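Naming follows writing order (A, B, C and D), and every chain is counted from residue 1.
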Amino acid sequence: MPAFLSLADAIGRHVEDGMCVALEGFTHLIPFAAGHEIIRQGRKRLHLVRMTPDLIYDQMIGMGVADRLTFSWGGNPGVGSLHRLRDATERGWPNELAIFEHSHGEMAAAFAAGAAGLPHGLMKGPMDTDLPQHQEGRVASVVCPFTGQPLKAVRAVNPDVTILHAQKADRRGNVLIEGISGAVRDAAFAARAVLVTVEEIVDDLAAPMNALVLPHFVVTAISHVPGGAYPSYAQGCYGRDNSFYVGWDAVARERETFLAWMQEHCISKPDHRAHLESLGVLA
Amino acid sequence: MPAFLSLADAIGRHVEDGMCVALEGFTHLIPFAAGHEIIRQGRKRLHLVRMTPDLIYDQMIGMGVADRLTFSWGGNPGVGSLHRLRDATERGWPNELAIFEHSHGEMAAAFAAGAAGLPHGLMKGPMDTDLPQHQEGRVASVVCPFTGQPLKAVRAVNPDVTILHAQKADRRGNVLIEGISGAVRDAAFAARAVLVTVEEIVDDLAAPMNALVLPHFVVTAISHVPGGAYPSYAQGCYGRDNSFYVGWDAVARERETFLAWMQEHCISKPDHRAHLESLGVLA
Amino acid sequence: MSTAYTRDEMMTVAAARQLKDGDVCFVGIGKPSAACVLASMIHAPGLVLIYESGTVGTRPRVLPLSIGDGELAETADVVVPLPEIFTHYLQGGRIDVGFLGAAQIDRFGNLNTTVVGPYEKPVTRLPGAGGAPEIITHARDIFVIMHQSKRGFVDALDFRTSAGHLGGGGERRRKGYPGKGPSVVVTDIGLLRPDPDSDELVLVALFEGRTAEEAQAATGWPLRVADKLEVIAAPTDEELSALRSLMARTDAAHKAPIRIKLKQVQG
Amino acid sequence: MSTAYTRDEMMTVAAARQLKDGDVCFVGIGKPSAACVLASMIHAPGLVLIYESGTVGTRPRVLPLSIGDGELAETADVVVPLPEIFTHYLQGGRIDVGFLGAAQIDRFGNLNTTVVGPYEKPVTRLPGAGGAPEIITHARDIFVIMHQSKRGFVDALDFRTSAGHLGGGGERRRKGYPGKGPSVVVTDIGLLRPDPDSDELVLVALFEGRTAEEAQAATGWPLRVADKLEVIAAPTDEELSALRSLMARTDAAHKAPIRIKLKQVQG
């Protein structure tokens, strides 16, 4: 059964410098509050993993918590670049960032293999791209022993810690995720520890029979952090703040405005509630 | 968009002698009505695929529709043997039956690979059993190109036709499956054609957001056959008739009683409704 | 002193006692299922029951006849596609205990559920592997439950369906199996556990009124007996009454007639 | 005669017209999404829209800003885990059309969305592959939509993210790709299609008021022009009004302020 911890305690106990950490959620349910807490606690040299780095990794990378990034699409969706990610990869600010790049299909296969305890996943090709030149040790050609068909092997990803946001947990620690789930199920099963922030803790999940539920024995710690996905969203709770995503472009473009924003809205705030208050988005 | 056909037409148009056919459903939603229609139409030399042959394959094999069987557990659950399956494998009655045997994990991997367009799936071992001696061309050893770890490759299964039973279809042909689903999703995506019998055809599936829905473009034909899973069950519609499963043992033990039962309750009946009436199970 | 009880009841109760509260248990159908459900009703309310049909955290009030009865789905925390049970849960290393039955077992806990006699021309064709080979490979621990008899406890398996301790003497460990293999065999006479060095099953406990000689006579190899034999306490009143009412509910449920109301096309 | 319209509107309308009713379409974000949603509102009500976020059969009333907006989930027939989209739908061969954008395209329809300049020291780091390499490999047909300019239509890609017709001359076919690769590129000037023999993109159609010279001037290689150039009809009133109200609804939706009501622990 998972521990019910404050977010500060969950991050403090389970996320250590140098770890491989995946904050997952595909556009939906991105664990922003947990990312901010990692920044506040000053973690360093993390190997961050996410299919779509999104603003939370832009913030984390810009604040210097990471020195490696595994990903498959690094933009501000529908807006443009992640300026902090680009500053790190193009100019090494605030530190050098090694990137391990994949396609979405490869990342999905890597998480799925990790979840299934396999050392690699398989994909069918061909796929004549320039990516494999930069994927040594992560992608390889294999041959089907039955058909002789060439296949692509993608090395499994097994984070030390996967961090998710979800709508609900029950008191036994089962977690219900509704709506777009991306690779969260597989990222959770692939990880050694799973931290989940939730909108609500309830007596009964009232989950449909075939819902996406992470059973309690897969979850390490649960923290009650309502609004924890903002400016991403939680289906049925609040919508994605598209205007925040649009506005982030101007904030993140320059180092100074970025640092000032992080200071004002994240570092100087004790927790996520205060962060949301500082943005004026609480009802 | 799938065709809405009578069950007789769906089987008549899409199931041909010699085909590889999977009637799936794990204890739940077993397409008995479709199996009976295949018997009525006198198909021969089918390669039947199912994880758990269950009574429907006992009936089909006893009636001589199949000469090959791919499976992973061939019993009457909680009761005992499938006597017709045993008579075919042990004494070649009514005809010789070649068996291609797997474990559940292997069958799941074979269906999943088939669904994903892959020539084989992967499993982690070791698994020192006597099965591989009887699995030539279906199971092989491969080595992970990253770790050197030995793995088991299981050849994909891609039925010509997969036949399922489900609770509901909507008028566009989307199919909703609720409850225990076994390998039905993967068996459907692995197949060239998918026939589905349903309890109900509705305007709106009213499916939860993350339900198991087969989208209409994956489905070839839909037939409205209420009660089509009996004596298996349809969650939310009717329960499994455990007493039928218990009683089947005596019916199937001898060839004569079996043939008489099939004549009386299946062959001589025009359709599934008449079959259910003859068993006295209609409310 | 408790009420009279049958050997079957003793076996099920003893099997149930093997399970710890909080264990995540992959449940085989039949006797393993009865033991697991019973345990969850008595001393292990936090036992997580997983059936290969895809039901996770199920709490059936009656025993399923099949591994996929509706009761299992209705009382589950979640129902997932079967392939996910094998990939994410079992092979992914999330299962503490796999609880299995078998038709034959040998001295090293290898199991046969496939065939008696030659594979191609069987004397008795059994159901086959099901999920047992994967369960026995990947679950951290394995419990086996079987009636003890020379027919079942054999000197040499006709077919090895599921790998126990292989040839013994640490072969399984050397081969790097993720799970440790069968750690206990519950019979209707007592308990067998593998010797820590040789991996050979040794009689380590007897039910009240049973004897080591009886166990040896029901075993197809020269069964070793532990120097100190534990005696297993008879079922308590709580255990017996829970088991009996479970069985009574199960019988009634399985006999309840099914009547189908056919649904018409809408509109 | 229809109303005045912008070049962007013409491009989106022309792209939408490429889609057939009933197509199962894997939709890229941005311009592809606008074209697909517009098509589904006009001539292709049975178009099945799939976004890589896992939404199948979605019918958004406003355009998503991201590929995983709630609107996509709320209006979908079903939402599945993302890995299933790539295995069961895309690699499994269930997609008729993949609709993509890109930063760079070459004469054979190969695409770059990764980097301008060298990979290790980029001039401009682009978002990367996303699902494009798999979409372009497996979807039966591929439509591309891009503004035409020398910066985008380049003689040589800085990085090949997604394989179009490779080196041309049937190389893609010979290599056994499941899908046939890009069959049309919709720009703000007209349409390009690959030559059936060489696979080189050829200007085959112009929007009203645009010229072949304009297209050639906006292309980084010597652009071939078809002998007979089709002229694409201006947007109809129905198309324009559908597109404009879609855009207006989208703008309003994206600007609507988000306010969060925090949920408390129960009990």
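Rule of thumb we're sticking to: a contact is a pair of C-beta atoms (placed from the backbone, for glycine too) under 8 Å apart; a residue touches a chain by one contact, two chains touch by 3 or more.
Treat the numbers as computed from the prediction; the structure is a model and nothing was measured.
Report, in whole Å, the distance between the mean C-alpha point of subunit B and the mean C-alpha point of subunit C.
Using C-alpha averages as centres, the distance is 27 Å.
Express in whole angstrom the distance between the two chain centres, defined as the mean CA positions of subunit C and subunit D.
55
On a C-alpha centroid basis, what's the spacing between subunit A and subunit B, in Å?
39
Would you mind listing the residues of subunit B that make contact with two or more other chains?
Within subunit B, the residues that touch at least two other chains are 112, 116-118, 123-124, 179, 181, 185-186, 209-212, 235.
Using the touch definition from the top, which residues of subunit D touch two or more other chains?
Within subunit D, the residues that touch at least two other chains are 73-74, 79, 87, 91, 138, 178.
In graph terms, nodes being chains and edges touches, is this line, ring, star, complete or other?
Contact pattern: none of line, ring, star or complete.
Between which chains does touch occur?
Listed in label order, the chain pairs in contact are A-B, A-C, A-D, B-C, B-D.
Touching subunit A in the complex: which residues of subunit B?
Checking each residue of subunit B against subunit A gives 116-124, 137, 140-142, 144-147, 149, 151, 153, 155, 177-179, 181, 208-212, 235.
Per the contact definition, I'd like the list of subunit D residues that touch subunit B in the complex.
22, 24, 46, 48, 56-57, 73-74, 76-80, 87-88, 91-94, 138, 178
For a test of understanding, state which residues of subunit C touch subunit B in their complex under the given definition.
Subunit C reaches subunit B through residues 29-30, 52-55, 64-70, 72-74, 79, 81-83, 86-87, 90-91, 114, 119, 121-122, 125-134, 137-138, 159-163, 166, 175-178, 253-267.
Hey, which residues of subunit A end up touching subunit D in the complex?
Touch list, subunit A to subunit D: 26-28, 51, 71-75, 77-79, 81-82, 85-86, 89-90, 101-105, 108-109, 111-112, 123-131, 133-134, 179-183, 185-186, 199-203, 212, 224, 226-227, 230-231, 233, 235, 237-246, 273, 276, 281-283.
In the complex formed with subunit D, which residues of subunit B make contact?
Of all residues in subunit B, those touching subunit D are 1, 112, 115-118, 174, 185-186, 189, 205, 207, 209-213, 215, 217-218.
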